[in-house]
Structure formats: C-alpha cells, structure tokens
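The next block holds one structure in the form of structure tokens; read it before the comments.
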Amino acid sequence: MNIPADLKYSNDHEWVKMEGDIALVGITDYAQSELGDLVFVNLPEVGDDAVAGEAFGDVESVKAVSDVLSPVNGRICEVNEELLDAPELLNSDPYGAWIIKVEDVDGLDDLMDAAEYEAFIATL
Amino acid sequence: MGSYVPSTPAQRQEMLEAIGLREFMDLYRDVPQEVLLKDGLDLPAGMSELEAGKAVRAMAARNKIYDVILRGAGAYDHYIPSIVRYIPSKEEFLTAYTPYQAEISQGILQSIFEYQTMICELTGMDVSNASVYDGATAAAEASTMCVDRRRSVTLISGAAHPDTINTVRTYCFGAGRELKVVPVKDGRTDPDALKEMLTPDVSSFILQQPNFFGLLEDAEGLGALAHENGSMYVMSCNPIALGTMKTPRECGADIAVGEGQPLGLPIGFGGPYLGYMATTSKHMRKLPGRIVGATADDEGRTAYVLSLQAREQHIRREKASSNICSNEALCAMTASIYMAAMGPDGMEEVALQCHSKAAYLARELCTIDGVSLAYDGTFFHEFVTVMPKTDEVLAALDEAGILGGLPVEGGLLWCVTEKASRADLDRTVSIVKEVLGK
Amino acid sequence: MKLIFDKSVKGRRLTILPECDVERELLPEGERRAKKPLLPEMSETDISRHYTELCKQVHGVNDGFYPLGSCTMKYNPRINEEMAALPGFAGIHPLAPADAVKGCMEVLDTAASYLCEISGMDEMTFQPAAGAHGEFTGVMLIKQYHVSRGDTKRTKIIVPDSAHGTNPATAAMCGYEVVNIDSAPDGCVDLDALKAALGDDTAGLMLTNPNTVGIFDENILEITRLVHEAGGLCYYDGANLNAVMGVVRPGDMGFDCIHMNLHKTFSTPHGGGGPGAGAVGCKEFLKEFMPASALLSLMKGDAAEHIQVRSFMGNFLVVVRALTYLLMLGREGVPEASINAVLNANYLMQKIKGTFTPAFDRICMHEFVLDVADFKKATGLSALDVAKSLIDYGMHPPTMYFPLIVHEALMVEPTETESRETLDWAADVFRKLYQLGFDDPEYMHASPHGTPIGRPDEVRAARNPVLRWVPEG
C-alpha cells in the first residue's frame, strides 16, 4: 500500500497535499483499491465551500457510488476536469489524481500523518 | 378456478410434509392471528379460461369501434404494419425481465441499443435512454434533469398538452420546485411573455412541437430566448412529425422528449405508451433510467450491457434524481420495429400524408359556411376549427362511425393521419355540411 | 450478432402505405429537417429474421425457470395477450365520448373492485405505469394529505435499510428527507430504531411486508400503530404481495395506501423491462388526493385540481391482462396462488439446505435469501459466480446482492407457477454447483460457458460509453 510520507490523511481515506496556501485533495491508494475500478467522478463547482467531514463529490464504480468527504475546511478554487474523461487515473495514480484544490484552508491539524494513517488502516 | 398452479393436490401435501408442516396455514405463522382473513375474500368464484374470455370479450363489445378516427390530442391512430404487431408478441421478448444478466439477454440489450440509435437519428441528439413511461413523464423527467442549485424554476408552454403540463406540475410540486406556465397567444406560445418570465432562477423551458393545437411554434426563436437566459431548452416533439419536421437538435434543444405512441403502438385507451428521451453528450449522465452501452467480453466479442448504472436508484438510492426502474422496453422495441419497417423514406411519407390529409380536411371544412380555422399559420396534422352546433356535428359523425374532433376551448381539435382516405374525409365534410345547413 | 443497421440495403423497403390520395403538401421551407434519419432500409424478411435472431438470445419465463427474487416471474397466461389485443380495447381512443368507452370503464371498475378487496383499500387508480411510479403516486398522496391539513413540519419519510432502492429514491423525489433505519438481524423493522426515528416531523413510513428477505414482519400491527400515533401515514410497497393475497390484507395491517405491480403479482408480462402497471390503492380519507388526467377532467367539467403522474388513465391494456387473470383466479384462486408461492419457496429452500445456507433459517414467505458468504470463504467463489454458473444449467439466476443487509445474497423466488418437478430439478442444480465450487472453482469462476458471450467488461462500458451505433466513415 502506497502512503507517501509528505501528505496528510483523513480517516475517510482522503489525502491532502499543501502547495503554498492551496490544498490538493484526492483519495488514497487504500481507498481506490477498496472501491475497485472507478468509472466516473462527480465534481463540485468552483466556489463551493469545502467542509471537513462533508461530501463534496462522489466516485462511481460499476455497481456502487461513494461520497468523497472533504478532509479540510475552505473554499474550492479548482476542480480536476481531466478526471471526467479519465476516471481511471484515480486507480492508476491516486496521489497524482487530485480531485479538488482548496483555498483558505483550515483544519489541517486534525489530520493524520503517513505513519498514523498506516497504523489506522492496519486496524481496519 | 384456475390459478396456474401445476402441482397436484397430492404433491402439495407431500411438499408441505417435506418442509415439516402439517397445514398450509402453518406457512403463515408469523402473521398475527387477528388480521388473518377468516372468511376469505369477497370476490366472485373463479372462471375457466373459456368463461373469462367470454366475460372480457363482452366488455370489449360494449366499446364503440369507429371506422374513422379524426381525433388525436395525445393519442394518434396510425396504421400499424402487421410485422410490428407480431414480433413483440414473441414469448422470449414478452416474458423476460429487465436484462440484468447480460449473458442471456443480448437479444433485448441489442434491441434497446438499436432503439437508442434510432431515437438519436430521429431527434438529431447524441444519446437516448431506453425509454420512460410516456411523453408526459418524459417531459417531467427532463425538467428534473435541468435543475441545479441556482436554478429550480421550470417554465412550460401553455400550448403543451394539458396532461403534460399537469404531470410536470406534479413532479415539480413533489420536489418542492416551481412550475410556471407561459401564456398562449393566438394558439402559440407568447414570446413576449416568455421573455419576461425568463428570470435567473429558470432552469428550463419546455416547448411542445407541434403544440397541443397542432400548430408549429417558432421553436428556434423560443429556444434562443431560453438559452440567452442560461436556461436549458427542452422540446417535446411528435415523432411522426419528425419524419419531415426540423429536429430538436436543429432547433437548438438540449433535451428532446416526446410521446412515442405514434410509432407503432395502438391507442389502447391510453396505454401502454412510450416516453422517449434524448440529449446531447454533455448531459448524458443526467439522463434518468436504463441506458444500454456496447462493450466486449473477455474474448473480445461485442457485448451489450446496462450501463452507467451508478446514476440509478438501486445504487444511488435517495440521491438518485429519478426512481424509475421498470420502463416501457417492449414498447421501445415496437417503436424500433416500426421505424425499421417504415425506413427513412417511409417515415417521411407517413409524415407528409398526415400533413397533406389534415390540410385537405381543413381546407374542405372551411369551404362550409360558418366554418373557419381558429388560428393562422402552419399546422402539422392537427388543427382547430370554429363552427356552430359542434355537439350536433359530433353526434352526426358518431352515427356514421366517425370520431370527430375533440371539443376544446375555441372549437374542435381535429387530427388526420395516413389512415383516413380521401373518401373518409369527403364523407366527413358532407356530414358537417349537412348538419350546419339545417 | 450484426446490428440492424449493418443489415440495411439502400433502396430496400416495404409496401405499407398507399399512394397519397390528396394533394401532397410539404411543410414550409425552414420547418423541414435537413436530412432524413439514418434508419435501416429492410425487407420484411430481413426484419423478421433479425428479431428472430435476437429472440434466440433472450431468456424469458417461457424459456425456463426464472427465480428472480422480488420480481415474481410467474407464468404469463396467453389468454391475457389475446384479450389485450382485442380491437374493442386496442383500438379505443382515450378521449372518445363516455358512451363509446363503457367497456373500458367496466374493465377499470371491475379490476379496481378486485384489487380493493385483495388489498383492503377503498379506492384504486391505474394511472401509474410501473411499481416505482406507483410509489411516487402513493407518497404524493401522503404529501397532499399533510399539506391539506397545514401540517407542513412533516418533512421526513422513514425507510428501513432493507428496502428496495426505489423507496428512498421515491421519498426524495417527493421532497422528503429520507430517514434510513437499521433493520433487526432478521430483516424486520427494529421497533426501537423506529420509535427513535418517529416524531412530529414524520410524514410516513414506506414498508414492504413480507420484507425484502422474505419474512413476514410479525410486529406489523405495532409498527403501523406507532407510525399513526406519531401522526404519520403508512405506505405499503406491494412488491411482495404475491405471498399474502387472500390470506392477509395490507389495509387490515394498518396501511393507508399501497401500490401493486400488475406485472408481477397479477401475471402481466414484463416485456424485457416494461410496460408494467402500478395500481395504487388508498383508504377513503385519501381518496380526494388521487391522480387524474387534466384533459379528461376538463372534458368532464371537473374543475378540481388533481395531481397527475402520466397522461390519460395509465397502461390500460396491462389492466385488461390483469383483469383476465383475476377473473380466472377468483375467490379461491387468489389465495391458492399465494399459498403455493409460499409453499414452493419453502420447499426449494428446504431442498437446498445443507449446501448453500439460507440467510434466515426459518419458514419464509414467497422468497428466501441464500447467504453465499461461507461458500465464498471456502472456495473463493462469490454470489456472482454462483449466479453465472446457474445460467449454464438453463436457469435464470436469482437476484444478486440484494437486499444490501446480506452481503453475498442470492434472493430466490420460485413463484407458484413452477411445478414440483422443476423445483426438484432446481434444487439438484444448486447442490451440484455447490459441489462443483469445491471441485473446480476456476471453471465456475469463468462461467457461463454456453452463452453467446462471456462476462462483459462493464468497466469499459462505463468508462468509455458507446451508447449508439454510428455509421462508418
């Protein structure tokens, strides 16, 4: 299971990567392997509020749909429209395939680091 | 009398014993005693097939079968080619369920894929679903497709079919959204009123083409107004008219819907009918209901499957935008067979004959003193006449085996299809003349 | 198999219509489509053979055992089809004058009286075109009832987590917040969970009984009483009515409104996905909220506003079929059908026992759920693998992965129209497959083997949607 050391993680299996003041958010390698082959992602709109613990979009497999919960608070400033045409990137490159970018980020301190997340998924 | 239970009484007893029970009612031991039906149902005794057939035939005999039907208003009496009646009665098609198991459902899945293609061709759109219940629900589902967080108001032309308007109203009321009806002026949607009603919260505008009075609307112009406002444009079109009429795509529609009954389905006292729905690629994932897609199996053979299922209620549950499950699959297949039997030329021919014969009847009726058209402008195969003594006219026609135009506000709404011969129409005109001449 | 479009030959046609015998008129320029639709050009032979080829790749009830749980795939009597095709029904215009449609009204009235008696309701509408459509209509009755009383704080509909997906989807379409409550381990309503969810914001409860695991909820009277006490109404999802007709009535269980699937319980064919008909019944106090056609009301001079869920009076020809069936069954046949549906389910479950495990080892109603989890642990084969293997024996698989509360579920509903011989055969097939799972799991995992296609790549279908044929070039 790939868990990059430089990211932050939520217990809903989203990752956060800070680039300056902007947070990139995606789903973890663990999440994509549990969800199976993803076939579509429903993206939020730019300008929407991101609220920690609440859904900002969802990902679809053939027979299931799963909410994607925001790991942080803030405002969505960009969505990854490439995923609309290539949802398979969420499976093949989960840490490259960011889903949203969030500005005015708050709540980072509540997230896990890589070691904590690794320990967390070991309990599942 | 008959319950289609094949097991013999002796077998049933043995089966009961195999389960370890003594009495059949032991099967229902979880049912509270106080609600068990002690005295059975208050129904007539069962019948044999012969008796049931007789009873139902007797009911059918109490209906009047007209030689000529000159009434439409949402139910259109077209000729149905024999092959179109025959194929859907094949038991494999008739008795299968929704094609969940692709490996043993390729026949149905492929037929839906073909239907989707034909609807796309007819409407000019990119994507069609496998059908919804009827034209009215198709319009209602389309209005739901268009709603987003900023826009929740639906506009519908007042010249749409009253049942369509009321069905859309019900769906909107259910979801807590507003429906506004755009006023009609001279039998057509009033563009000035529409312009005023297009506020920033309007999600879509629904237009029926030809409209309820049979008239062609300025579909492009009205659609452009909706688009200028950032609203979606939904057109509900008669599919026979589309054999010759400008397509919804050519008129700029985002969603094309309509009543598919004219495509080979009997008028059948109102159903089952067929709601068709098609849209552009952009809105593909908002389409409700079943959609069939092509893929391959592990050996690379072409295979058809129910696709994009994550939109649907069985997966998305309360987050699904529609609850539709069963649709009108066999009616969709019937429509495909009809379109295959007619072909591109036949579809145009039936449209032109409807139009030409309606024009002929309108012209001939208007030669009678006191008869005139209620509205100016082009109509397809329905038109409204103004005339005195409409009750007497309809009664006289009825006596001659002719179902005349529908009484609507402002006159009689007539419909002529390819089924009516010139002789039928001449007979109609002479009866009207006779009544009015008295 | 070639698509119909690939069989098209330019210039080939049928002779359907006569020459136009009036002056031909075109639509004005500017109103005409630019080019004709690319529809197939065929002979009647071509069309007939194409669809015959397609129908050989379909499994219907007439092809073999079809124990698709929750779908009641009983035999569809041919007499029904004959009656629906009568010109005295098929050729009747829905807007013909009242005198001309007396027979149609008699069909609707007679069918309504039978169904009211069977369901314990006072009024019936046939406007809804399918089960989910009936649910929508029923919940709209509940909504109108509360609104008419000015009771606008009722914003929630309670749905058990074992419910069909249509239930929560319907409640949401009607503008309600859905409160999903956990089921008790036996799939029945957890009374404590229900009590906790009830309040003065409860609009109603949607419930299937027998429930989706095939068990009759013995607390049903308590459940409906609790909902009514809280001021809510009770909606009965008639998907499983085939278990209890003539034995117990939803109206007597305390339900206020109900839909029935004529295409399940009342033997009308499902047509590969429709048309169905979802008759909706209600108690007297909800009668005023029933749907009606705006145009027909206008013609009758009825000025009252009604909700409406589709045009005219619904899928009438489906009602003709159901009525024919009801006339034949009558007073004795209706309960006989249900009792034998339940008998058949229990018998089949009994004969499968010892191999695949029933999720609930007790007397079931008209269907039962097998839990394939233990088998999966032992063999690595899932409910899907079992289902696909059944195909090779000529059996349509049971419903898979439903209800959601049993993870490796196969839901089996044999119906009453299957003979003991068929059930014995089916039990044998299940037992053989159970053994095969241990002997040759790879073979089972690769099943089905005898079908025109193997398992299709559904991921590819969803990622790269190809939803229509496009001409080459």
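The first chain written gets the first letter, and so on, giving A, B and C; residue counts start at 1 in each chain.
Keep this in mind: a residue touches a chain if its C-beta (ideal position, glycine included) is under 8 Å from a C-beta of that chain, and two chains touch if they have at least 3 such contacts.
Predicted, not measured: the structure shown is a model, and the values here were computed from it.
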| remark: Averaging each chain's Cα atoms, the one nearest the global Cα mean turns out to be C
| remark: Greatest contact count: chains B-C
| remark: Chain centres from averaged Cα atoms put subunit A and subunit C apart, in whole Å, by 38
| If you average the CA atoms of subunit B and of subunit C, how far apart do the two points sit, in angstrom? | 20
| request: Let me have the rounded angstrom distance from the C-alpha centre of subunit A over to the C-alpha centre of subunit B, please. | output: 44
| field | Set of subunit A residues in contact with two or more other chains | value | 39-40, 60, 62-63
| remark: Contacts with two or more other chains occur in subunit B at residues 308-310, 315-316, 319
| remark: Among subunit C residues, those touching two or more other chains are 458, 462
| query | Which residues, counting only subunit C, touch subunit A once they are in their complex? | reply | 401, 458-459, 462-463
| query | Within the complex, which stretch of subunit A touches subunit B? | reply | 39-40, 60-65
| task | Show which residues of subunit B lie in contact with subunit A when the two form their complex. | result | 285, 308-310, 315-316, 319
